[in-house]
Amino acid sequence: MPWDRNQMAARAAQELEDGFYVNLGIGIPTLVANYIPVGKTVTLQSENGMLGIGPFPYPDEVDADLINAGKQTISELASSSYFSSDQSFAMIRGGHIDLTVLGAMEVSQDGDIANWMIPGKMIKGMGGAMDLVAGVKKIIVVMDHVSKSGSPKFIPECSLPLTGKNVVDLIITDLGVFRRKDHDSPFQLVELAPGVTEDEIAEKTTAAYEVAL
Amino acid sequence: MKKIYDSAEAALDGLLRDGLLIAAGGFGLCGIPERLLDAIRDSGVKDLTFVSNNAGIDNEGIGKLLRTRQVRKMISSYVGENKEFERQFLSKELEVEFCPQGTLAERMRAGGAGIPAFYTKTGVGTVVAEGKEHKEFDGETYVMERGINADLSIIKGWKADEAGNLMFRKTARNFNQPAATCGKVCVAEVEEIVPVGSLDPDCIHLPSIYVNRLICGAPYDKKIEFVTTREREEA
Amino acid sequence: MKKIYDSAEAALDGLLRDGLLIAAGGFGLCGIPERLLDAIRDSGVKDLTFVSNNAGIDNEGIGKLLRTRQVRKMISSYVGENKEFERQFLSKELEVEFCPQGTLAERMRAGGAGIPAFYTKTGVGTVVAEGKEHKEFDGETYVMERGINADLSIIKGWKADEAGNLMFRKTARNFNQPAATCGKVCVAEVEEIVPVGSLDPDCIHLPSIYVNRLICGAPYDKKIEFVTTREREEA
Amino acid sequence: MPWDRNQMAARAAQELEDGFYVNLGIGIPTLVANYIPVGKTVTLQSENGMLGIGPFPYPDEVDADLINAGKQTISELASSSYFSSDQSFAMIRGGHIDLTVLGAMEVSQDGDIANWMIPGKMIKGMGGAMDLVAGVKKIIVVMDHVSKSGSPKFIPECSLPLTGKNVVDLIITDLGVFRRKDHDSPFQLVELAPGVTEDEIAEKTTAAYEVAL
């Protein structure tokens, strides 16, 4: 049985280490915050200028001046700090964030990622995604293994405009996990979701990868 | 030397003309200079270029000036959640230069800091880097991005003292700080103007040198794009 | 994840080796990481390069490590008021790279911000720009300067909370902030460590992400280079 | 009678306008603070990270954490603010400071300035001088008209290593004032100290300049 959204988020959370500073993208990546391993201190960064994101506020504590990068209301923690957008991206671009979890439309076998525009459709913009994939130490993609129409998303070469070239370190899909040890190495299939077979992955993947289960 | 003006209109007097490049603070609807945007709309100036992370939403923020067709071009990182924007963009009435969010913030900061260009890894290998100079440093490829110098900066702060020293509140700081530094003139609106000496000199986010003109824009009815809450545990 | 160490020696454990490039905060003797400098001296590591605006004075600040001949090279903007420095410099035992003060601060900030190089007008037409790349922007000539990435940053703060969020006091902030960001590891000494929640999140000068290791270095006996005063008016 | 140090400082202070943000160099330039015209608000910047420099402190208020760029103890004003060195020079380099007053060893007729090193002597470094002359809107030099040995200091071309090229706007010496309207124009002699003649200036100046008294 493939992993659901929460299980994918929980799997991503296993990559968190004690003391990590982490930026979580919108959608499934946001759910990763619910699965931070007990006993580990993980600090969440929001690229609009905050370190130490707290949970959604109680209804009577909603504050228009306190939002995350998805423009949702959030709360602060005792250890929070605020800063400007230039300082926030100095942090991101400068390699100070340990890990980011992002969604993607396509990932190539060389670690390219496309997640910001579809030619012909309304372009909303890349926001901070290009900065994150260029600057953060470890890039985790969480995505469905195939698109709604059933076509593979982990492919030889991205067909959509790129967000970053050769940047992805780990791919978590609903069917399994691909990892590579550095940006010069091929991805390896290292885990399968329960009941998913190597053959099923092979059938639904056009990217070249090694198997290391 | 009086920096404090009675209204947004008065504070912008003599600064507005068609074709201006305006740097505006704010992230989504958080920390946007509402009063100043209203006054710019009411002035009727047109063919404006806005450097702003977002373009507001329908009839909020820069969205108000899109509706009145006063904006010719946006330099932004994200412009979703805005139907009128979408219409003008798709019909090519509005020009849009997409810029990665961190590069945009750094371009404003660089412009304000006398740095005409810098190198970044952000966008290398993507359409954003096409046609731009590339350079290798220590075996890695970087793209050159230009600093932005605006004709006018408009920002929203929380408190300012009468000298113009200014503080922001929580995540409403965002682009307001770099935007303030990159304009020839910076006009700020704040929620409260306090006497000199009321703010801690160690906690000033924007020193008075960057604030040329100042208004108190209170009261504010701050908009929220997505109200998300959790339930209070039962006692 | 504990960032707080009992002593400077403990906080530097495993980080020191010969030949390191160390970025140090401070301006003159104001805001220098005294405890960490003492511990580096006591460790005996040598052939160090210091990126620091100044080189201390005789037997204060980096001056202590000059006396013990542990410093091979300084990257600084001003090195006056230091006899031992002068001796080693004139006898060519010590290498010095002079860098304009603002360029030095920006090079540290750039290194910490993932910017490998930027352009500035500072130094154009002077010896400082010789041999460096030049480029024209909008009719003006600029020189390219490189970001600095240090192996280790050592800084002095005022207060930090247990998570590592840090505040500086008055002009002791100076180079401590950019220096903190440009090192692979940053070790900070402060006058007081306070519980999480004691500092205003809007007033943090250095967010916890930049502070890898932390000690309380109190009590401090802060040195002043030039005490200048005025007389109190008669009552 | 030539101007003394205080008179030169007072003359420089006449260039201050209401609302100006000003950086004063070490030595005579520091004295300019004593002559700020009544009724004008002038804010002094110190490049080590402070805006709004106050007077020297009372003896019992000396604070090691509160010094100016000359490393002298100072005091703060109600309107003061502190910032880091990178922010301070962002302010300077970015053209936000209206005026700076600096000493000089030599100034050339093209507005070059040399004030940081003498070959063969111990080099102390340029500190923030190169940043100031490159970034501040208006550069005023205050210097003796001739060196201690009697040789002219306003000369055709600097013999010493430069601090900045084509940057000086106004020169105030003990004998008079030279001004130029922009960086493409020649300097003009616009004022004489009391009792100083045009001829005396001509005799002690090797730089080309126009007379516009």
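First chain written, first letter: the chains are A, B, C and D, and each begins at residue 1.
Following the convention adopted for this analysis, a contact is a pair of C-beta atoms (placed from the backbone, for glycine too) under 8 Å apart; a residue touches a chain by one contact, two chains touch by 3 or more.
In UniProt terms, the chains line up like this: A, D = 3-oxoacid CoA-transferase subunit B; B, C = 3-oxoacid CoA-transferase subunit A.
Please read these numbers as outputs of a predicted model, since none were measured by experiment.
Chains that touch both chain A and chain C are the following: B. Of the two chain pairs examined here, B-D and C-D, it is C-D that is joined by more C-beta pairs in contact. Greatest centre-to-centre distance from chain A is found for D, with centres as Cα means.
Between the Cα centres of chain B and chain D there is a gap of 35 Å. Work out the mean CA point of chain C and of chain D, and you get 28 Å between them.
In terms of their C-alpha centroids, the spacing between chain A and chain D amounts to 54 Å. Taking the mean of the C-alpha atoms as each chain's centre, chain B and chain C sit 32 Å apart.
Looking at chain C, residues 106, 109, 113-115, 120-121, 168-170, 173, 201-202, 205 sit in touch with two or more other chains.
Within chain D, contacts with two or more other chains are made by residues 76, 82-83, 89-90, 92-93, 134-135.
Interchain contacts give a graph that is no line, ring or star and is not complete, per the touch definition above. Here the touching chains pair up as A-B, A-C, B-C, B-D, C-D.
Contact residues of chain B toward chain D in the complex are 1, 109, 111-115, 161, 163, 165, 181, 196-197, 201-202, 204, 207-210. Within the complex formed with chain B, the chain C residues making contact are 106, 110, 113-121, 135, 137-138, 140, 142, 146, 167-170, 173, 200-203, 205.
On the chain A side of its complex with chain C, the touching residues are 18-19, 21, 40-41, 43, 45, 51-52, 76, 78-83, 89-97, 134-135. In the complex of the two chains, the chain C residues touching chain D come out as 27-31, 53, 76-80, 86, 89-90, 96, 98, 100-106, 108-109, 120-128, 158, 168-178, 205, 222-232. Taken together, the chain D residues at the contact with chain C in this complex read 46-50, 55-59, 62-68, 70-74, 76, 82-90, 92-93, 112, 122-131, 134-135, 161-166.
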